[in-house]
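After the structure tokens below, expect a handful of questions from me.
Should a chain be cited, it is by its letter among A, B, C and D, assigned in written order, with residues numbered from 1 in that chain.
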Amino acid sequence: MMFASDNASGAHPAVMAALARANDGPAMPYGNDPATARVEALIREIFEAPRARVLLMSTGTGANALALAGLCPPWGAIYCHDIAHIEVDECNAPEFYTGGAKLSHVDGAQAMIDADALSDRLAGSGRGVVHNAQPGALSITQATERGAIYTPGDVANLAAIARRHGLPVQMDGTRFANAVAATGASPTALSHGAGVDILCLGATKCGTLAAEAVIVFEPEARPDLVWQLELRRKRAGHLYSKMRFVAAQMEAWLDGGLWLDLATHANSMAARLRAGLARAGIEVVSPPGANLTFARLPSGLHRALQDAGAAYYADPVPGDCVEARFVTSWATSEAEVDALLAACIANAA
Amino acid sequence: MMFASDNASGAHPAVMAALARANDGPAMPYGNDPATARVEALIREIFEAPRARVLLMSTGTGANALALAGLCPPWGAIYCHDIAHIEVDECNAPEFYTGGAKLSHVDGAQAMIDADALSDRLAGSGRGVVHNAQPGALSITQATERGAIYTPGDVANLAAIARRHGLPVQMDGTRFANAVAATGASPTALSHGAGVDILCLGATKCGTLAAEAVIVFEPEARPDLVWQLELRRKRAGHLYSKMRFVAAQMEAWLDGGLWLDLATHANSMAARLRAGLARAGIEVVSPPGANLTFARLPSGLHRALQDAGAAYYADPVPGDCVEARFVTSWATSEAEVDALLAACIANAA
Amino acid sequence: MMFASDNASGAHPAVMAALARANDGPAMPYGNDPATARVEALIREIFEAPRARVLLMSTGTGANALALAGLCPPWGAIYCHDIAHIEVDECNAPEFYTGGAKLSHVDGAQAMIDADALSDRLAGSGRGVVHNAQPGALSITQATERGAIYTPGDVANLAAIARRHGLPVQMDGTRFANAVAATGASPTALSHGAGVDILCLGATKCGTLAAEAVIVFEPEARPDLVWQLELRRKRAGHLYSKMRFVAAQMEAWLDGGLWLDLATHANSMAARLRAGLARAGIEVVSPPGANLTFARLPSGLHRALQDAGAAYYADPVPGDCVEARFVTSWATSEAEVDALLAACIANAA
Amino acid sequence: MMFASDNASGAHPAVMAALARANDGPAMPYGNDPATARVEALIREIFEAPRARVLLMSTGTGANALALAGLCPPWGAIYCHDIAHIEVDECNAPEFYTGGAKLSHVDGAQAMIDADALSDRLAGSGRGVVHNAQPGALSITQATERGAIYTPGDVANLAAIARRHGLPVQMDGTRFANAVAATGASPTALSHGAGVDILCLGATKCGTLAAEAVIVFEPEARPDLVWQLELRRKRAGHLYSKMRFVAAQMEAWLDGGLWLDLATHANSMAARLRAGLARAGIEVVSPPGANLTFARLPSGLHRALQDAGAAYYADPVPGDCVEARFVTSWATSEAEVDALLAACIANAA
């Protein structure tokens, strides 16, 4: 009963098989190999973005920090939600990569940036005032840390606000696959079609070993950006000599829509869990759709679930309860979900 | 005929098999898995260093920059050879990770730091003078970029000079395995036994996909160092969520002495090449031992070899010649070496 | 009618006279002069801190950023009020000097950090969790950006909370003189007596040309801190070659209690203004004590005051009003205050 | 007998008088004052550069590091002489301000960059190769740390080489005044007329308290550069609130050619010293022209001079000698020079 993180799951067999195939003979290092080229072509096709440039990375933190450093100067501010991963869980990686930019919080329910709050914040920014951090970039997490999903309209709305203030838009797409699967919107519609300049497309949590793609949709809009990102990636030690192995993972994951199949499965396991928890009288406090489920558990039940071997994170909340986070993944089985639900029912007061 | 880089080779089958085994079921992320613990234990045993702490990384540039940042403050100087990888080939990664330290060059033949030159340099350093960069760390590359190998005595000598000036010692061990194999010295004797504080042990070039180990031999000598390195690694986006896959590579590579077998093979292929070149009347200009061979080729021969499909790097040198660098690896075959030599002979004037 | 900033005033004649005296003959550079030594001795005496070390700077932004960089690592968080000068008005200087630390906001009325909010924030900090920014330092602004003044008890309370969480305490004392003058508390009681580790004592706004003192009260509590600050100061280009001229300003300002006389005057001009505004029926929205006065003015009155030549900053607020900030200084005259008040009365509806 | 540094001298009376005048009444802060505007106009006139923009600073280290950060990216290399002040005496300030750029040494006699050496170095730079630091900027020190002076032709030659490789040119003009006075060339001819993009014009060593000007000659050639420099200056804590006091110094120093009169005096005192040393049989090892004189003294004479109260820096050199550096300034008197010479003669063997 592993619900601690989608990081806890391994890699899909198709990804492992691709890795084995990639290990056949020598290949030129540092991305000068055919697999890396094929991944760029594949991403251009999937995202209907014929000029897109792709930089492969192997961690989400690295991908986010790299992309933000490409968009926001050291004296800039990156607008993000208070509990965005880049703010809370990356140990100042964005500050490190940007050379000292500031993360500026914009609130909103379920970890979604509120459009009015963003407008207000940007209206009060000190663009052109030398004493103030200069507006640098907007960062949107899709799906959010609470499992909420921005629709194409939501993204377009936020991006338009950013654009009005001259801000580029980065999307932390660690769970972008889950968002595409949940909304049925096209990858395009949820990214550059809605105004996203750089998407960090996460595959690590979604079925690979370690693979992320930083996608710059319109390189010619920012001359030198891609070359700067390449230099920044090297300088950060993220230019892999045997890049073909990262590329092979990404290619296998994207190939034939596997990425969406896996995300659909993870989402459906969350839906099954959510429905079961509701039947068991347990309050679910996060929105449906993606593969994250937050629920309010009495402390007694929480202890019983842990004793039963369920793995998940929980924070104490008032009323002798915890707020538990259950994460499902491509590897979560129906049996695993049902076992958790059975344990809930068995231990209900 | 791939002699461009040991990076061009793939991973050894035992490493691929370990990767497949590691993909069995869930595992706690971020290094809280059994394989990561086993790697630390294995390294402690191999290096006879029971208190050593190990941080896994996946690029040599990342490993070097991380280690140096742990040892040298932003206002410090890192002493290294003029053509050290950290100086020439890491796009200012050490400067980035340290927050602006300076690399200070010490010359010497075959990319080996000359002990007298180091002494002189340190004697003239401005320790305690606020205007000058403060001596920060010594970085030794083993084997060097020219294929030279420091003996245990060489390392001990340099480390003793460093110690007299209060400097910690980092070793860039991208090809440490080749050095151990070539000298027959123990891993201990070539590292902490000779005064090395942190070894960056490279496995990527030597038979894995992407795996490096930053080994801190005496953590208690520098309180907080390991914790700082962990924070720095995370902040740089190098804390892998599915760390088990990095650990599995490293474990398989070290297990049963595979690492030394592979390095021995790579070295012996270089020896075969060197001997053959000499027989063909081609001047070899680098020392024997490791898996790098630099040779002086007439330009005509160089073009012929390239036409014949030989891959290697070459720089023009006076006398209508090039200096060619041939790198052998665990995957280089005798047939491949012999084919190159045959092409040399066939195309000799 | 200059109420835009205490920065708009010049230097006190005694400071100018000291500067002229300091220009007599040669002096060793970089602080190795007698005046710099005398300033340290004087500050030790005034603050009853016999071991204190003093670094002179010439801007408040530089002083704050330097002090914070000495206390908070790049992966750390600096706890400060949402509208602290270090957050709003220093263009990411703290982020720059620290190498990428994060400023973490704690709310509270009148720009004062609320003790409960600080406790809550620190209770939820991720100390020891590698993914989270590590608690780094507490920064208190005295007087606050709204003119509020922390009593010795207030400071001690916040510092005790910080201490319980292992955090050092920095005080942005740009208007520390105003706080001492307003409370009647001793300099000691408002700083290290209440738990402040480093005070940035501001003289620039308070009667000098450009002089600030970074005071480390207990250098032996943090070995190497002072030396690191000296290196950081040099590296930032803030080690003045002709330091005697900075020292002379600071010495003259502190000598014979001039600093408190000037601050008392500035505060009393604010009190005169506040009383007059109240008599004129204008709502004052900031607390009494220091030399900052925030008042709510109808837009019509605001325009009339500007037309009359009054200089001050104002932000629009609901109800067709502005919130005006009037700053008095050592150089503000009663006549100037009375002229402003007369203009208010003349232009009231 | 103060020959330790031109930093040891005070400020010229005209500068002090200007400072006193500047203290009359309030002025808008942060450079929004008339004096700052007048300085820019004056520099445009003197340098025949009608579009030039000027940023005032107060230390040479700050000015150099700021200018270089405007020209060279974090992944860049700054080409400078091995013993340039920016390399040796600024405690990694350029690395700090640039965010981790590398200083790359080019040798040459008397601390002058050798043109052929520069060409060779740039020919071998790795522009476009992601592993290598990218060529960032050329930095020329005028006069050099050995007192050598580049002619307009020398500067133009180096700048043309830089230009061919796409490099901008910064000039560390800490003693630019001495170079203009010594050569009789126009300020234009020695700076932008010869291809310098940014000049850091030093006034601190040459007669002010603390004033430097960063001059961008052709702002439109690099859109955003000046605004970025302004943000960088603020972020570094070098935007002085009471800027009028820095401006007043610079204005008085430039006004009516005072700067060149003072430099001419300093240079002539060096010439007097040089001639006297030669008469006394003491070997002068640095070239004539500027206000620095390096001479080889027997150790016995060195000790005697020190006992006699002469202040200067000296390094031991072979042959039981020291190499002494004597620096003259605007404040050095003939009597002071003659006293040193008399002491030399009195103590000669």
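Things worth noting here:
Following the convention adopted for this analysis, contacts are C-beta pairs under 8 Å (C-beta built on N, C-alpha and C of every residue); 3 or more make two chains touch, one makes a residue touch a chain.
Since we're looking at a predicted model, the values are computed, not measured.
Counting C-beta pairs in contact across B-C and across C-D shows that the higher total falls to C-D. Each chain gets a centre from the mean of its Cα atoms; the one farthest from the centre of subunit B is C. One inter-chain figure worth recording: subunit C and subunit D are separated by 34 Å, centre to centre, where each centre is the mean of the chain's CA atoms.
Subunit A and subunit C have Cα centroids separated by 41 Å.
Averaging C-alpha coordinates per chain places the centre of subunit B 50 Å away from that of subunit C. With touch defined as above, residues shared between interfaces to two or more other chains in subunit A number as follows: 30, 74-75, 90-92, 96, 99-100, 130-131, 134, 231, 234-235, 239.
Residues 74-76, 88-92, 95-96, 98-103, 105, 130-134 of subunit C are the ones touching subunit A in the complex.
By the touch rule above, subunit A contacts subunit D in their complex via residues 30, 73-75, 99-100, 130-131, 134, 228, 230-232, 234-235, 239. Put simply, subunit B touches subunit A in their complex at residues 2, 4-5, 7-11, 16, 19-20, 22-30, 57-63, 65-66, 90-93, 96-97, 204-205, 209-210, 231, 234-242, 245, 331.
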